[in-house]
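Each of the next two complexes has chain A plus one more chain, namely chain B in the first and chain C in the second.
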Partner chain A sequence: MRVTQGCFSFLPDLTDDQITAQVQYCLEKGWAVNIEFTDDPHPRNTYWEMWGLPMFDLRDAAGIMKELAECRRVYGDRYIRMSGFDSSHGWESVRLSFIVNRPAEEPGFRLERQEVDGRSIRYTTRAYSVDRPEGSRYAGEA
Partner chain B sequence: MTQAPQQQPKRDAPGEPPISSIDLRKEFDAVAIAPVLEQLDGELIGLVPVKTRIREIASLLLVERIRQKMALATTFPTLHMSFTGNPGTGKTTVAMRMAGILHKLGFVRRGHVINVTRDDLVGQYIGHTAPKTKEILKKAMGGVLFIDEAYYLYRPENERDYGQESIEILLQIMESQREDLVVILAGYGERMEKFFQSNPGFRSRIAHHIDFPDYSDPELLAIAELMLQEQNYRFSPEARDAFVRYIAVRKTQPLFSNARSIRNALDRIRLRQANRLVSDLDRVLTGDDVMSIEAGDVLASRVFSGGANGKAT
Partner chain C sequence: MNEQSITVRGKDRYKSGVMEYKRMGYWEPDYQPKDTDVIALFRVTPQDGVDPTEACAAVAGESSTATWTVVWTDRLTAAEKYRAKCYRVAAVPNSPGSYFAYIAYDLDLFEPGSIANLTASIIGNVFGFKPLKALRLEDMRLPVAYVKTFQGPATGIVVERERLDKFGRPLLGATVKPKLGLSGRNYGRVVYEALKGGLDFCKDDENINSQPFMHWRDRFLYCMEGVNRAQAATGEVKGTYLNVTAATMEDMYERADFAKQLGSVIIMIDLVIGYTAIQSMAKWARRHDMILHLHRAGHSTYTRQRLHGVSFRVIAKWMRLAGVDHIHAGTVVGKLEGDPATTRGYYDICREDFNPMTLEHGVFFDQQWASLNKLMPVASGGIHAGQMHQLLDHLGEDVVLQFGGGTIGHPKGIQAGATANRVALEAMILARNEGRDYVHEGPEILAKAAQTCTPLRDALEVWKDVTFNYESTDSPDFVPTATPVM
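On to the complex of A and B.
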């Protein structure tokens, strides 16, 4: 199941040219671009690991694309996303976030129904991938 | 895994068939390089070898652009440069202009200049240098990285110096990301020569070695007048004669640094002029009074008394 989080996630995966254009857009708006990665795709998992520090004061996307290439080299089997942080007064938050890398296989989520208090049901979603320990979740059929 | 896209210099819409002939004049006007070169001629006095080389580079870039339109094989020209010359010969000024020229021609995408020295590149402890250098390189992407006094990067007397690490990263990026970044090294002639001798990798990766000559006396005078004009001042004829003498005397004294010395001298002359004007409060000043610099303002300099050796810069 294809994880759809952030911008553009219902579109086909962005090519590097398209990512460059998006990053350049962020830079021209004065946003700091940040690269994050995770192997826990749950939608409520907002705390992704950071790849280095957010990149402030850049003018051109080439430097960020180089970082992305480096991040993919190391964590190519995980989800990687980019976010554009707007530090201007009144915003001070992430303005744009999109996935730039995803594992080859996305096993999807299990819906758990817990019967409580008679006929009431509580629902929980759980990613199949998190059944495995962190770091070996997308390493193929090991 | 795909590499970061290597952006080509501007070209026409893809799919357009290659053209077999081209109007050179039109192409020349299209990149608007002429005004930049004219400005360079007008605002930079002297520096003939530098201007010649910049013209050559500009022509090469123009021809490369045309070749690209004709779908002829082009290799991205190496644009890294090294500027050598004595203090105050305009290395930094030219580097700033260079970014504009390269930007106009579409060979750097943003046209900004990041001005750094050793402190910005080299860290203070193990593992500090690489991130620091990479950070700067990222900032410079799409523009020009200007490394002033580049020879300080290499300190042969200390074999544990972190400068070497920084040099290696620089060399690697200079080679692999030629399209994204232009590196300009600057420094005084002799020491740069030594630096290149001990880092042959640098010499071979830099295509343009440009030497900045010292200015002649008339050139220095022209520079002074240009500086004054920019600040809405002017020499009276006597003051001008006095300043000609000032240049001749100052040149023989130690620590003379070309245009920088001239700028400092002018700053002090302006101080004296202001003091002269303020000393007589009971009169009406005209715009002319405020603008003109008199011989007395120049002649009061310690340079003429000869007692200021090494102090007046």
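On to the complex of A and C.
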């Protein structure tokens, strides 16, 4: 399966040039670009690991792309996303977020159903990958 | 007509008998509205032979303290404070016989935090007043002191996006069709297919409540099966607006509680349940971390005609105060009423923290929202993937685009329809962010995206000639400066 979180998951994977253009867009808006990674892509896993702090002061897309390359070098077997953070009043939140790296295999999620009262069902979504400990969840990892 | 107050003062003001409204203190051309006043702008069309100023003063009177005759009991009150004051009358451009009346109301006339109370005054008796041929409430200025007495949207655009983990693009939805007749089991199938295909939301239609063909509990159970299946299949948060509209508040609470118990992120109500019920559900939604979708069912009965009724921009303001999170606010390009400029005004009212007076958009007052949550507008009705560039241009990014027919009517099925919409949207956002002139290059951008997406290619082909170009019945009067008649 393909995890379709983020703004561009239905398009073919973005090239570095395309990613650079999106980063540039964020910078022109005055947003801080942030790189995060995870090996638990559960839809409600809000807090992916941060690759350093949001780059509040970096004003050059090339610098950010260098950070992305470094992050990919270390965590290339995981999901990596980039986001643009807008600190202006009334938002103070993410304004753009998209996946820029995926594991080679995406095993997806199991839907567990717990039959409860009447016909009601309690649903739990569980990523197959989290059956293994963090850090060893995707193929090719030590 | 007069530029000076002709209010009768002192003892003579309270002599028994009938006195013109404009002499009773409801026409005060020198009055400077206070920052804390509620201001209403009416379009007044007096009966033939009725003096416009008197008609406008009567609107002020009948929507505040007046009755048809002088009453001595006024003297037991601070009557001058409580009288609404018409302070400006101006001819409506290109509309002979109609006048804009600006009327100021003291804040003490209104119960804090109650739309029912506000509307009972402002649109209570006065719309049936015989000396008027027609009356329309065009706009209102709600003072910060009053705005702050309302909860506002239970969730708001920012937190809705955070909860759904969806940023940087419009959300996508679809209303399940046919709107009546599907069994719960078949209905849930549509939800599953559309969400798995790439939509964020599905939606009950306004008149889906609990009918012989589908009991509400059945619908909720099957819908949530579809939602959860789609969530697991995509790794994305998904939702479906479960319509909890019902005959009584007790029924609505019961349905909302069940939706919550099943893990739905969103419920829905119809405008026809009434202002008090809407506010109750907004409080419920805030208490239970639920997004609250409002379908504006019924609004066109009073919003559509220029001469009589209530403008939708006023309804949008009331609904932002009342506390819903989503409101249908027009598509510009779709099948339902709405010219671009007027619709832009509605969207600004929903989404901005400050609305400057913009007459060309039909916005007559500066409006401060005092950090009240933002309300997500919803565009629904006769839109399809081929219009994506126009939709993004007219409506922006913080909007739910609802493709009902434009998803379910896809020749290759519902999933394909959903995928076509999602791909079209993502391709357009990508191009916009890259700095391309997406409005003009839109068809090209879509065609390029369709090269790697067959469902989009099919959608573009089947709906290529669909447009709804009819003249609008409600457009702004476009007056950079209103002309005083006096």
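Structure notes:
The rule is short, and it goes like this: the second predicted complex is superposed on the first by the 137 of 142 C-alpha atoms of A that agree within 3 Å, B and C clash if a C-alpha of one lies under 4 Å from a C-alpha of the other, contacts with A are read in each partner's own complex, and residues count from 1 in each chain.
Here is the rule we go by: a residue touches a chain if its C-beta (ideal position, glycine included) is under 8 Å from a C-beta of that chain, and two chains touch if they have at least 3 such contacts.
Treat the numbers as computed from the prediction; the structure is a model and nothing was measured.
When the two structures are aligned on the shared chain, A:107 is found in touch with neither chain B nor chain C.
Of the two partner chains, chain B is the only one that A:73 touches; chain C does not reach it.
In the superposed model, A:64 makes contact with chain B only, not with chain C. Contact with chain B, but none with chain C, is seen for A:16 once the two complexes are overlaid on the shared chain.
More residues of chain A are in touch with C than with the other of chain B and chain C. Once the two complexes are overlaid on the shared chain, A:54 sits clear of chain B and of chain C alike.
On the side of chain A, the complex with chain B involves touching residues 15-17, 20, 52, 55, 57-69, 72-73, 76. Residues of chain B touching chain A in their complex: 1-5, 7, 109-110, 112, 131, 137-139, 141-143, 177, 180-181.
Partner chain C is touched in their complex by these residues of chain A: 1, 3-5, 7-12, 14, 18, 21-22, 25, 41-44, 46, 83-84, 89-98, 108-111, 119-123, 125, 127.
Those residues of chain C lying in contact with chain A across their complex are 158, 161-162, 165, 167-169, 198, 221, 224-225, 228-229, 231-237, 261-263, 353, 371, 374, 419, 422-423, 426-427, 429-430, 433-435, 449, 452.
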